[in-house]
């Protein structure tokens, strides 16, 4: 299988922003910034990761999963994997 | 639309357990139990709610969403709603 | 130890509302309401539980933990327990 | 205020690992790896961020907050900020 959805540049741009947030986090620690600012930056990067996950999940459901259901090709297995991912993100 | 999946008694049994956890929580507060015990009980009830959500989501994907995709009937709208739910649970 | 904070009626009122949400959830399943409505109700009850947890955590930090730190009485142990709770809620 | 806790190299090492996970994520997208592998990597990076947050929170409670409580110096304000962070991470 490959990555569903075809706008990879959009995903790469999002990941670059997250990489920038993580580098910013490292600079905040090196600069000895106060804990609460660092914790807010960690929460912001975590939120950006969740948004990226939700974009990829939507592409996955509209792409791979929809195709599998139309072709009755391992669709139950794919749906179980989507629920596993939901559980990974929701706990 | 109606609730996907046909094992409603299984869902009712889960909800009854969660209701029992919430009543237990109320008793803990009335009994002036210590904060950490109360917070652990809150976390346990929250975990049980998430598990219930994941069972219903799996029924939904295997039932309503799969049918919508096969019939090409508002499937994009249904998938968007699934992603909204994912976002509600993951943040 | 006992429950920090002295406004137990406020907490009981919150827990009663959560109990009402869980009973509403059971009725939605019995009435065969659609999955997305049920999932939204589950997310709402989960959110109300988290808010309750955050009220109790604040009372705990301002009450029990502050007293322990002032008296240097097992404060490290109490703080470790607070972090355990943070981990329970954040994952 | 500055960053509580004095083991900054430990934190920098954790952040470097997270930065590596995010770069790995970018490579997975460029390599067109399948959605579920990408989503699992996103969840792993999110988990590493939460663990980093919990280490910094523990240092903060044992350091800055404990000092503020002992000195009765804006301790209520600091505790409110800790609860805000708890809410950011738990929802």
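A, B, C and D are the chain letters, set down in written order, and residue numbers restart from 1 in every chain.
The criterion applied here is as follows: a contact is a pair of C-beta atoms (placed from the backbone, for glycine too) under 8 Å apart; a residue touches a chain by one contact, two chains touch by 3 or more.
Everything quoted here is computed from the prediction, not taken from an experiment.
Peer 1: I'd like the Å distance between the centres of chain B and chain C, where a centre is the mean of that chain's Cα atoms.
Peer 2: Averaging C-alpha atoms per chain gives centres 17 Å apart.
Peer 1: Distance between chain C and chain D based on Cα centroids, please, to the nearest Å.
Peer 2: 22
Peer 1: Distance from the CA centroid of chain B to that of chain D, rounded to the nearest Å?
Peer 2: 28
Peer 1: Identify all positions of chain D at which a residue touches two or more other chains, and write them in rising order.
Peer 2: 50, 53, 57, 89, 91, in rising order.
Peer 1: Think of each chain as a node with edges to the chains it touches; is that a line, ring, star, complete or other?
Peer 2: Chain contacts: single closed ring, each chain with exactly two partners.
Peer 1: Can you name every pair of chains that touch?
Peer 2: Pairs flagged as touching, ordered by label: A-B, A-D, B-C, C-D.
Peer 1: Under the touch definition given earlier, write down the residues of chain A that touch chain D in their complex.
Peer 2: Within the complex, chain A touches chain D at residues 1-4, 8, 11-12, 15-16, 18-19, 22-23, 25-26, 28-30, 32-36, 38-40, 42-43, 45-46, 49-50, 52-53, 56-57, 59-60, 63-64, 81, 85, 88-89.
Peer 1: What does chain C use to touch chain D in their complex?
Peer 2: My answer: residues 47, 50, 53-54, 57-58, 61-62, 65-66, 69-70, 75-76, 79-80, 82-83, 86-87, 89-91.
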